[in-house]
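Every chain is named by a letter (A, B, C and D) in the order it is written, and numbering of its residues begins at 1.
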Amino acid sequence: MKQARPLPGYLVSRYKGWKATTYDENQAWYRHLAADGQHPRAMLISCCDSRVHVTSIFGADSGEFFIHRNIASLVPPCEPGGNHHGTSAAIEYAVTGLKVAHVIVMGHSYCGGVAGCHAMCSGKAPELEESTSFVGRWMDILRPGYDRLLPIKDEDTFLRDLEKEAVLISLENLMTFPFVSERVERGDLTLHGLWKDITNGSLLNYDPRADGFVPV
Amino acid sequence: MKQARPLPGYLVSRYKGWKATTYDENQAWYRHLAADGQHPRAMLISCCDSRVHVTSIFGADSGEFFIHRNIASLVPPCEPGGNHHGTSAAIEYAVTGLKVAHVIVMGHSYCGGVAGCHAMCSGKAPELEESTSFVGRWMDILRPGYDRLLPIKDEDTFLRDLEKEAVLISLENLMTFPFVSERVERGDLTLHGLWKDITNGSLLNYDPRADGFVPV
Amino acid sequence: MKQARPLPGYLVSRYKGWKATTYDENQAWYRHLAADGQHPRAMLISCCDSRVHVTSIFGADSGEFFIHRNIASLVPPCEPGGNHHGTSAAIEYAVTGLKVAHVIVMGHSYCGGVAGCHAMCSGKAPELEESTSFVGRWMDILRPGYDRLLPIKDEDTFLRDLEKEAVLISLENLMTFPFVSERVERGDLTLHGLWKDITNGSLLNYDPRADGFVPV
Amino acid sequence: MKQARPLPGYLVSRYKGWKATTYDENQAWYRHLAADGQHPRAMLISCCDSRVHVTSIFGADSGEFFIHRNIASLVPPCEPGGNHHGTSAAIEYAVTGLKVAHVIVMGHSYCGGVAGCHAMCSGKAPELEESTSFVGRWMDILRPGYDRLLPIKDEDTFLRDLEKEAVLISLENLMTFPFVSERVERGDLTLHGLWKDITNGSLLNYDPRADGFVPV
């Protein structure tokens, strides 16, 4: 693999600083985690977006959360033998292997992936419709959500609504995995849908009684 | 979506603490990021494992890194129209959309996904061979790495080597994406392979001249 | 401009080393920054002193901090049409142009500029009182801080206190710029005052509740 | 000073990492520098731009360079009692107090301040012409350079030339300070003009024999 390059120097410096402080001060716990394995209480499905780090928001210690991050925090439907395996594999591992108690899906405002889906579905991004577009094919997962929300009145409101719809689509798709729905029905697993406003920092939680997102 | 449940109380408490401190003290920057969009310098591909949080190791602020986390930090080969789209979509978005300068793949010791691959390939986990196993099909990405490393002398050494091989396989697969290899050849993108020992906190970097992993 | 001379050889050597390593390894990011422009998150106002390099202390990569360095990290009051324009221009550019989220003023121990102010104000450096003394006129900015701290009990303690007072004077003067105070009041900008002990490496942060500097 | 806020957490973490590594490993030198004072060999006048850190380019250790950073690395002419004191004070302190052997002025490509000067002088930024514009009044220093370069043939070429002209104007203005010109004439001080291309990392040096900038 001849193209690999050294880590940029500022990251080496920062790593060495982490090693000399955070690691050294907590090495007993890190060693314990290495020897005993991880026992996370929850799986978090969050966006790759650099502006949303769930470890910070939820004060995560090492070992607490099993975190999958993909574009727009999407969960595809259960399709054995089909597409989108990375996310399905992560869910299968967390739920059947690690036996997490919670799966939390967190969307957020100004999501570039959701905006791309909107552009694609409204005919403004034909390149995303091509079969070779990985982003386009990934955002297909959200297409049913787009259709459900039509018609568009206000663009901004529609985008915020589509971001929340993405969370609901993902929760619905989670229930198509037999190993998820069985555990949810037995009470061994709970699902949670969140949407975070990156501008004002507020966090909304989907409430099925209100059929909407309410502040936590 | 009637199965969604309220966020567990301890997470609500932590979120409120984050909002009253980290958010409030940095709201100027969060607002700026929301209005101006993200300009991350690097994409980090890391494992879902709860014991490895790259944001902590690299002192990351909001807006610095676009982070994809999946089982074993794997990158599948470029297969338009085929499987594994979530990871490919994240890479496409980071490289062609956000124009990140670095893609950093970080593996780690005691990786459950890699151990699963080993169990599967050595015949000890027939359930992972089934076509319905999402984890098994995902770990198929690493199968060529397993074959390259045979024969097994010492089990522990083999697992650590397989974790590093996973990083190399991912770097090689990254180069199969035309939008990656073109940019690497032009000097607009650099690839980096890391392996972290979660027990002692050390960090190794793949060095093509040594054809091995050396301390950063 | 006939007096210009070639760069000293040791600097040429070091530059060539930087070019062949740091630049070459990070050229993708440097090119991106050149094409995309800078999006720094913070402005740092620090001293010219050769013993205080904030890029090192804060693990700064290219593109992270907009850095103004002057004698004693001073900010003059807002005086359109008047003196001290270089610093005011840098602040105006950072705040209104680049829309940084933080302005961080960092003073430090054994600051020669602050010592000069003390000497001037206590009558021991009449040459600094002359109208032709650029250093004297610059350090006039700190004169109100000197007066507030009187009387002097212990010389060393007084100097350390005056260095911290310089940070407070600068923060107060920052608030006299309408484009600063408006953003601070709206929550779009936060101000921070630091003082670094160059002997023992400690870093103090001004805390308005304690009305004093406390370890970060 | 009630508006001051705590340092953002990621900077606290990075500082603590620096303290536990760079500081601790070099504390003997830091303590020596604190006790013995600084003895820098050169003054560097560089831009505030976040993409140009001279400490990195010239492998600067603590104590080596006295660094002034302002918008566009400009030096105003010697005007006792007049404007622009911050920069003049820094030069006076470095040359007469610290007795540096070199003053190095470094400009760079894609300089926002120089682009602002161009916009102002060509009538495209009337707001910069107002007496209340600190950036405009600061960039007035470069106005004679703009006039000398007219007429404009190609916009991009003109901007690169204006960035280099800014370095020459600054060197010329340096010679208007008696304490500079006397030392230059006595051979106690040398002046150097550099221009850095931030895209490709090259560094040019002003050569009076060629009356142009040549690679170092």
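We take it that contacts are C-beta pairs under 8 Å (C-beta built on N, C-alpha and C of every residue); 3 or more make two chains touch, one makes a residue touch a chain.
Which protein is which chain? UniProt says A, B, C, D = Carbonic anhydrase.
The shown structure was predicted, so the numbers you read here are calculated from the model rather than taken from an experiment.
Taking each chain's centre as the mean of its C-alpha atoms, the one that lies farthest from the centre of subunit D is A. Judged by contacting C-beta pairs, the busier of the interfaces A-C and B-C is B-C. For the touching copies subunit B and subunit D, the fraction of interface residue numbers used by both falls below half; the interface is of the different-residue type. Inter-chain spacing, taken between the CA centroids of subunit C and subunit D, is 14 Å.
Inter-chain centre distance (subunit B to subunit C, centres taken as mean C-alpha positions): 39 Å. In subunit C, the positions touching at least two other chains are 22, 25-27, 29-31, 56, 59-61, 63, 102, 190. Taken together, the touching pairs cover every possible pairing of the chains. Against subunit C, the residues of subunit B that register as touching in their complex are 25-32, 36, 39, 41-42, 59, 61, 63, 99-102, 183, 187-190.
Those residues of subunit C whose C-beta lies close enough to touch subunit D in the complex are 1-8, 11-12, 14-19, 22-24, 27, 30-31, 33-35, 37-38, 40, 43, 48-53, 55-60, 62-71, 74, 76, 80-94, 97, 102, 104, 109-110, 112-113, 116, 131-135, 137-139, 168, 171-172, 175, 184, 190-194, 198-203, 205-208, 216.
Across the complex, subunit B meets subunit D through its residues 22, 25-26, 29, 56, 59-61.
Contacts from subunit D toward subunit A in the complex involve residues 13-14, 16-18, 20-22, 24.
Of all residues in subunit A, only 5-6, 8-11, 13-14, 17 touch subunit C in the complex they form.
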